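Note that subunit A is present in both complexes that follow, paired respectively with subunit B and with subunit C.
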Partner chain A sequence: MKQNFRFPWSAVLAIAVGFVVTLGYFIPSSAPVVGGTLASLGDYFLQVGVVLAAVAMLVGLINLAAVHWTRFRTAGENRLGSGVVVITMIATFLLGTIDYFWGWLEDPNRSLTQYVFRHIQLPVERSLMALLVVILTYMAIRMFRRRMTVYQAVFLGVFMVVLLGTGLDIPYITDTVKPWLSNVWAVAGTRGLLLGIGLGTLASGLRVLSGVDRPYGG
Partner chain B sequence: MNLPELIGTALGFLLTIVVFSYLLGDNPFFRLAIHLFIGVAAGYVAIVVIYNVLLPRLFLPLIFGSWGERGILLVPLILGLLLFFKISPRTAWLGRASMATLVGIGAAVAIGGAVIGTLFSQMEAAINAFNLGNGLIMLVGTLATLAYFQFGVRKNDQQDGVVQQLSTGISAAGKFFIAIAFGVLFAGVYTAALAAFTERITSLWAFLQNFLPF
Partner chain C sequence: MSLSGIFGLLFVLIFFGSLLVSSFVFRQKREFPWRDIAAFKNIQHAIGLAVEDGTTFHFSLGRGLINALESAVTFVGLRMLERITRLIASSDRQPLVTSGEGAVNILSRDTLQATYRDLGMESQYSPSAGLMVGPTPLSYAAGSIPLLLDEKISANVLIGHYGSEVAFFYEAGERAGASTVAGTDHLEGQAVIYAASESPLVGEEVFAGGAYLQAGLLHQSSLQVQDIFRWVVIILLLGGALLKLLNLEQLLLALISGAP
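Moving on to the complex of A and B:
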């Protein structure tokens, strides 16, 4: 039976570009023969990557606006909210455009974008962060009320010690126990986690560069 | 306080109250504030993407640059234009080459960042901090945390008793270190949230003071 074989152009492209950029990272530009060329090519592809990432972000924003516009037109669930998303998105962008062409983008006293950021974005962001206090306290209390394991007890104990050591000046806790917990024991756990994340990222990157994973399709 | 600032501060006051209303339960006003937040954030991202990245790095050099610059920038221009075909499922295949380039570059950057930025730097820090006191605790904690993820996946029935017990012991030690690390991180997040809560309450009170006689 004859099978339809299609050459995996996309995978070849991803692997080739990825290898050039990776080699550009690890082979110094002073290396003989290929060093300078690899570094220049790597830099060029990084510039291409920045532009493509920006365009991808723009495509995502257009998609977001299109989805909310459809929901607004078809009277879908939470119609008003979708309308607000589209209108505020366009309005903010228009204000940014005015700022750019009038040269106000970097001027905090005149910039319309910074005005919107200061009076809408920042209050909502900070209020959401403030809400976290109540939610985190509630979660911690729920944890206390459940049957507790040794690790949960350690977690809550350390949390209390560090919190009290930060907020109050308690002898021995503030100056000895809290820094010791934060700078030795927590660093050990965090370093293990970071190394694990690094190894996981390395493995995922190598899977893409070897063509095993092809999230772009093809 | 001039009029635009007063209107802005009043808007911030109103939005803070609306977001805090979530403490009484989910409500339409809270959802509206969140949609407003998403819309403004999306518009802001569009401004940064267009005026801080695409214009200075692509369009302005294409218009005002030398012929050499224009030739070099044709590749990102074409790949960028092809990326727009991803919006419709029917034409999405046209954007595959752009996505492949982006993913290839992204994977390379991730590898470079992980090796140089995380693995080498963390290993160097671990080596430099080594001594028989706190350095030893840090080394044991780091190895135990790594081992917890390695041996915590599944139990292997074919391992003999001693290896199994050793794995379980190291895994338990790793969990202990992770619990301490998360406890400290949780305290940090809680402190930051508490600072934001205090700042919001202070700003609410400062706004109200404009209208109170005392």
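Moving on to the complex of A and C:
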């Protein structure tokens, strides 16, 4: 029986680069024999990675435009929204091109893209932040309606105390209870969570480094 | 090499060695002490629902950069995506995968294509199933909402790097009538998920996703090793605090450095 065996070149390359960068992180450049080589190779790979990530972002934006163009051409409920996305992408690209050729990119008073950022994107994102506050408040209220566990009751209780202690000047709560909760309990809890996340990150990284997980499809 | 460098490298090597030993032990035992995590049960239920109803399964990989610390949780998400795609491949619809970073978008499409190819169903794969919705947190969330409402999704699974904007996904999921399960490595995002969901993934639980979806022995054994190392780190922290309390840390440092 003929078997289709493909040598996993991408996995071998990823594992090799991963090991060089990891060792370069732990072994300082001043270390004898391999220190300098590892450090400079690691730096080089990281720089290549940054450039590739930027190119990938461009590919992602092209993908975004292509998908919305397809949705705009085929009749759908949000056809208009997709059309607006495509038009604004093209317009922003043209403004960026004008900025580049006129030399306005670095000039905040003349740059058209910075104008768009300040007067369109920033206000829209601020509005979304305001909307987020409403949604979060709604979620907090909805917690009351759910079957309450001890942990959720503690969560809500602390949330209310910190909220009141921050917004209002209530004696004892603002100056004693709220700082105690924020500086002692919250910091301890955060460290506990970060400890778990750190170990999870390490395990996940080692699985990728050893080639068990191959997110690159190798 | 500095003392912290030696300790760091030793820690990583011992952790990796423990992973290998643990996976060997579990290969022999073939039993694993699972802890019930409601969120993963909900994901499995949602997979079944998507296959039965022929509805769309939305999987979001977050906005974490691939060349930063948050890439670890994104890799977990990609592994879960691969498992979920295998399980719902028999359905008419392929999953809708969104992300907020270009490289993650490429990897998500690559994962989908490789999985369908592996199953001998590459003709079912469409590149439009993997979308980069927006590069900033709020543009990602705002861009995802109409997608979720348009595609008539039945499940909304978010595994990746999210901040407080994860609330928008919960709200959109609810409006679309889909069950939402989310996990992130971001503390702010975890707080929002805790408030929004009855079955939140808190702390390192998100990293257990691969193990709970049967992604392989090393995923399961890494849960065990994480538990052991967590206790080791806790004991070291308490020991350090005790040494400081008894004013013995200078003596210990002198002993390590070999000073008289």
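One rule holds for everything that comes next: the second predicted complex is superposed on the first by the 212 of 218 C-alpha atoms of A that agree within 3 Å, B and C clash if a C-alpha of one lies under 4 Å from a C-alpha of the other, contacts with A are read in each partner's own complex, and residues count from 1 in each chain.
In this text, a contact is a pair of C-beta atoms (placed from the backbone, for glycine too) under 8 Å apart; a residue touches a chain by one contact, two chains touch by 3 or more.
Just so you know, these numbers come straight off a predicted model, no measurement behind them.
Enquirer: Would you check which partner chain A:Leu122 touches, where first means subunit B only, second means subunit C only, and both and neither mean what they say?
Expert: A:Leu122: touches subunit B, not subunit C.
Enquirer: Once the structures are superposed on A, label A:Pro28 by its partner contacts, choosing first (subunit B), second (subunit C), both or neither.
Expert: After superposing on A, A:Pro28 lies in contact with subunit C but is clear of subunit B.
Enquirer: Given the touch rule stated above, what does A:Val59 touch, subunit B (first), subunit C (second), both, or neither?
Expert: both
Enquirer: Please name the chain, subunit B or subunit C, that touches the greater number of residues in subunit A.
Expert: Larger number of subunit A residues touched: B.
Enquirer: Tell me the contact category for A:Ala16 with respect to subunit B and subunit C: first, second, both or neither.
Expert: A:Ala16 sits against subunit B, while subunit C stays out of touch.
Enquirer: State whether A:Arg146 touches subunit B only (first), subunit C only (second), both chains, or neither.
Expert: In the superposed model, A:Arg146 contacts subunit C only, not subunit B.
Enquirer: Where does A:Val67 make contact in the superposed view: on subunit B (first), on subunit C (second), on both, or on neither?
Expert: second
Enquirer: Examine A:Val86 and indicate which partner it touches, taking first as subunit B and second as subunit C; both and neither are also allowed.
Expert: A:Val86: touches subunit B, not subunit C.
Enquirer: Name the contact category of A:Leu181: first (subunit B only), second (subunit C only), both, or neither.
Expert: first
Enquirer: So, does A:Val51 touch the first partner subunit B, the second partner subunit C, both, or neither?
Expert: In the superposition, A:Val51 touches subunit B alone.
Enquirer: Please report the subunit A residues shared by its interface with subunit B and its interface with subunit C.
Expert: On subunit A, the residues that contact subunit B in one structure and subunit C in the other are 22, 26, 46, 49-50, 52-53, 55-59, 61, 63-64, 66, 78, 81, 85, 125, 128-129, 132, 136, 155, 190, 192-197, 199, 201-202, 204-206, 208, 215-217.
Enquirer: Using the touch rule from the top, collect the residues of subunit A that touch subunit C in their complex.
Expert: 22, 26-28, 31, 46, 49-50, 52-53, 55-61, 63-64, 66-67, 70, 76-78, 81, 85, 125, 128-129, 132, 135-136, 139-140, 143, 146-147, 155, 190, 192-197, 199-208, 210, 212-213, 215-217
Enquirer: Can you check the complex and tell me which residues of subunit B touch subunit A?
Expert: Those residues of subunit B that touch subunit A are 4, 8-9, 11-13, 15-16, 19-20, 22-23, 28, 31-47, 49-51, 53-54, 57-58, 72, 75-76, 79-80, 83-84, 86-87, 93, 96-116, 118-119, 122-123, 125-126, 134, 137-146, 148-149, 174-194, 196-197, 199-201, 203.
Enquirer: Which of the residues in subunit C come into contact with subunit A in the complex?
Expert: Spelled out, the residues of subunit C in touch with subunit A are 1-2, 5, 8-9, 12, 15-16, 19, 65-67, 69, 72-76, 78-79, 99, 101-103, 105-107, 110-111, 113-114, 127-128, 130-136, 138-139, 141-143, 146, 149-150, 164-165, 167-168, 170-171, 185, 187, 190, 192, 194-196, 198, 202-204, 206-208, 210, 215-216, 218-219, 222, 225-226, 229-230, 233-234.
Enquirer: Enumerate the contact residues on subunit A facing subunit B in the complex.
Expert: 9-11, 13-22, 25-26, 44-59, 61-66, 78, 80-82, 84-93, 95-97, 99-100, 105, 113, 115-134, 136, 150-152, 154-159, 162-163, 166-167, 180-199, 201-202, 204-206, 208-209, 215-218
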